[in-house]
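Each structure below is given as structure tokens.
There are two complexes below, and they share subunit A, which is joined by subunit B in the first and by subunit C in the second.
Entry: the complex of A and B
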């Protein structure tokens, strides 16, 4: 038989096998890492029109989340405060600071400050802030340590599996109602004790508050 | 290519050992290779172009219909409440049923040592693969948002969604994709020795390269043959349960639901018999014209046609039994809904569909009891088409007639296909025949090495075996 293929092609099957295996692993690893909200959403930090620092207001001055986001316990939507809320203090404090020019203008004209939205779920997802906050799910679970942020960034993936992780096991995240806005709160400083207490108390709270582990499609996709 | 029949004196075995040879007229090995390869060599005959151009046109029509359906939405089909399954599911089940003859011929008949299978198995397997391709289009498209089809497979994603393994529709995905994969592997394994023949006969460098690539360095050595035979046997063993499982699972799409007319235990065996019935119908429809177009009468002999008619008769009778048993059980069960469903089939608004099915699938195959009819090619050809008309209407009866009458009369409706339904279905014929015509132009349509193996010369003690063997 005349040689149609050069001799090195005898090694081709092995090379294809190894090359194919490596390529497949690389593609899988790449998709795994780059194609999920853990990569595409986490770290998103747009520049806001006013350089409002949550770290200063919450961590240093000790303000509660609900002073500004006042509707979070009543509404599905956690409101962005109007400029008049800022002016409650800033008509006294830093009242001529140029960084607050936009806030003063907004308070005077009623034209809202064009904040850039950071945390966004798709239109086909129904998320109710009040339900979560009133049943022991802290702000920190979805928004991360906002109280430590100079400029707000996207800290958690907010993917469907992120939601489902908690919906499938609410006892591991639930906490006492008076600790919802206390973003640094823990059951104990000892992480082992904290986890154990969370399990025991969490199950109790889920039971008492009749927290449902909602996993049907229409719970969120209404 | 000598047309003259070779006359060689062969000692006549005792009468009890005499069988009609599978290859007629004592053809030599060389003749078989030449005749089968000739189909792929030289210019394509006029009839090939006459078949290919319209087929290709219909395939383009299919592409256009699918693009229209994807960009507009599933509602371009006639599926509306209450018949949420329409032509899409009918066509899916119909095409996948046709695909069953290939695996039956290639795997089960191989294990049962039915040597006549060698003349028809290659073409039947190709038919299987192309039919499954046509079938796969429909469920993939009818989900609506086709770009989410990959959700059918259990892939861990950031949605934390997992397929519903309790759903027979899910089992269907696995059954059909396994079936397709194994069928392709089996077909390809069988092709390897013949691809080497094609490689060795090829005149141009490109042909040598392509056939050589797919022949995987086949030399025809003893070691090659021994490995090949083992692989083929293993694949035949793997494919055999698939012949039964795929259409059983397709039937569970219906049988697992609670709908009268669907919710019956007879469905799996009845679907499998129906699938083999329609598959053999399609094999006959394809091979009767091809054997005369390609001058393969000595390889696909009248005996082959005769045997396939008998398989059609046997499976057709099982299907007929199932229809009658369904009617009996509807009465015997005492369930009012079940009774209504079957009375409605026979006498409701789609009575014509039911009786078309009944005539084509119960009465038509009974004609194959007569040897005169089995030996009359034109009649067999027409009957084989009627078999598939009947089998299409069987799925129509099951899908549409059961769905259009719900438990609540306020949910009753009437199904009519849209022009998109009709054009998509016609388009799948385009895809099927385009693929089949390309297959027969570029690959050996008959399993050359296997046919040689069933000739008398293949026996080393045969006087023709030595020196006259040709290029085996």
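Entry: the complex of A and C
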């Protein structure tokens, strides 16, 4: 009697096992790598209507974040400045530059500049800028080195686990209040000393300011 | 047979990596929301576009004549509301256009410290850290004239006039009223006075111990 199945089918179970295993691992790896804000959000760099450079204004000229984002210490959101704030200097600096045409128009007519929001948590997340800034969490912790960016991009994932990393251990991120907008500030140039001081001083500040390690759902979700 | 599978597998992986790229690659495309349940809701968000109003703005201007709900200031034991015609709000004597000579808020170490911090944020870019009018905008030659706060003319101005200048601006200087709350403006006035005093003082003003330290 001739064989109904050719001989190679003897190896079929093994082939299915290897093929299926490989495919499953590849899909798992893909989901792990791509289905996370570390991939979906980080690196988002929209084209802005005005090519405003934070690097020029903050790093080169040494302006404080709060010159423009003036209500960040009182408000839950960090305000985009009115065009009149730009005009405080740009009524003289680059007075007729075409790149600033939209700003001049906005200041004159009140028509808003259509800036594109880069950092956008879901609408059911109630992040409050004021409480973080007033309790020693620097801009840099969530926004990265904005002062070095020619064009702003999304530097940190801002995922829930990103928030919780710090909420579980605020002492590792908290810093003196006068260093909030000093994005390059460190306890020490020596990274080892910096980490040690951060732990010691951080715990002190958390205790002194009664910073709570909020991890209940309603801390952020309402 | 297995050979084809490996080939196909390799091509598929390569395609995904080529199209999707790596974590952290910059992109102009808005973030992809994998489970978008209620991520974006119809509610108004500050300073965002929204179709509810005809002009598309979510942040509304209050109708003319609106008085903002606010906490009163405590000025020397009296509660003063932000809408009152009081020196602390206008920098002028009540009912007149005369500037008040002195800061209506009690000048404390706390007010001065606040003033120093706010001065550094809003004033120092042009007037310089010491008030000589040599801030960064002057150093890069971006501004023709920046007033030195140590000019005799400025030193002799009443406090209310300084407050008024911060609030509404003067000549080429823009209005800082929208950026700086009333209390902070008075804090800055107090700090500017301290800066001026530091330039007008002499060694004789120091206590003997401090003078000894200088040497």
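In this text, the second predicted complex is superposed on the first by the 218 of 222 C-alpha atoms of A that agree within 3 Å, B and C clash if a C-alpha of one lies under 4 Å from a C-alpha of the other, contacts with A are read in each partner's own complex, and residues count from 1 in each chain.
Operating definition for what follows: a residue touches a chain if its C-beta (ideal position, glycine included) is under 8 Å from a C-beta of that chain, and two chains touch if they have at least 3 such contacts.
A quick note: this is a predicted structure, and the numbers were derived from the prediction, not measured.
Novice: After superposition on the shared chain, which partner residues are touched by A:160: those of subunit B (first), subunit C (second), both, or neither?
Specialist: Only subunit B; A:160 stays clear of subunit C.
Novice: Just to be sure I read the superposition right, which of the two partners does A:185 touch: subunit B = first, subunit C = second, or both, or neither?
Specialist: Touch status of A:185: no partner.
Novice: Figure out whether A:5 sits in contact with subunit B (first) or subunit C (second), or with both, or with neither.
Specialist: The answer is first: A:5 touches subunit B but not subunit C.
Novice: Which partner does A:64 contact after superposing on A: first (subunit B), second (subunit C), both, neither?
Specialist: The second partner, subunit C, only.
Novice: So in the superposed three-chain picture, is A:123 touching just subunit B, just subunit C, both, or none of them (first/second/both/neither)?
Specialist: second
Novice: Where does A:38 make contact in the superposed view: on subunit B (first), on subunit C (second), on both, or on neither?
Specialist: Touch partners of A:38: subunit B and subunit C.
Novice: Decide which partner touches more residues of subunit A, taking subunit B and subunit C as the two options.
Specialist: The larger set of subunit A residues in touch belongs to C.
Novice: Just which bits of subunit A does subunit B share with subunit C as contact spots?
Specialist: Shared contact residues on subunit A: 37-38.
Novice: Which of the residues in subunit C come into contact with subunit A in the complex?
Specialist: Residues 1-2, 5, 9, 12-13, 16, 20, 23-34, 38-41, 43, 45-49, 57, 117, 120-122, 125-126, 136-137, 140, 142-144, 172-176, 178-181.
Novice: Show which residues of subunit A lie in contact with subunit C when the two form their complex.
Specialist: 8, 15, 18-19, 22-23, 26, 30, 33-35, 37-47, 61-64, 66-67, 70, 74, 77, 79-80, 82, 84-85, 87-89, 91-93, 112, 114, 117, 120, 122-124, 153-154, 178
Novice: Residue numbers of subunit B touching subunit A in their complex, please.
Specialist: Against subunit A, subunit B makes touches at 157-161, 199-200, 208-209, 212-213, 217, 219.
Novice: Where on subunit A is subunit B touching in the complex?
Specialist: By the definition above, subunit A touches subunit B via 1, 4-5, 10, 36-38, 157, 159-162, 164-165.
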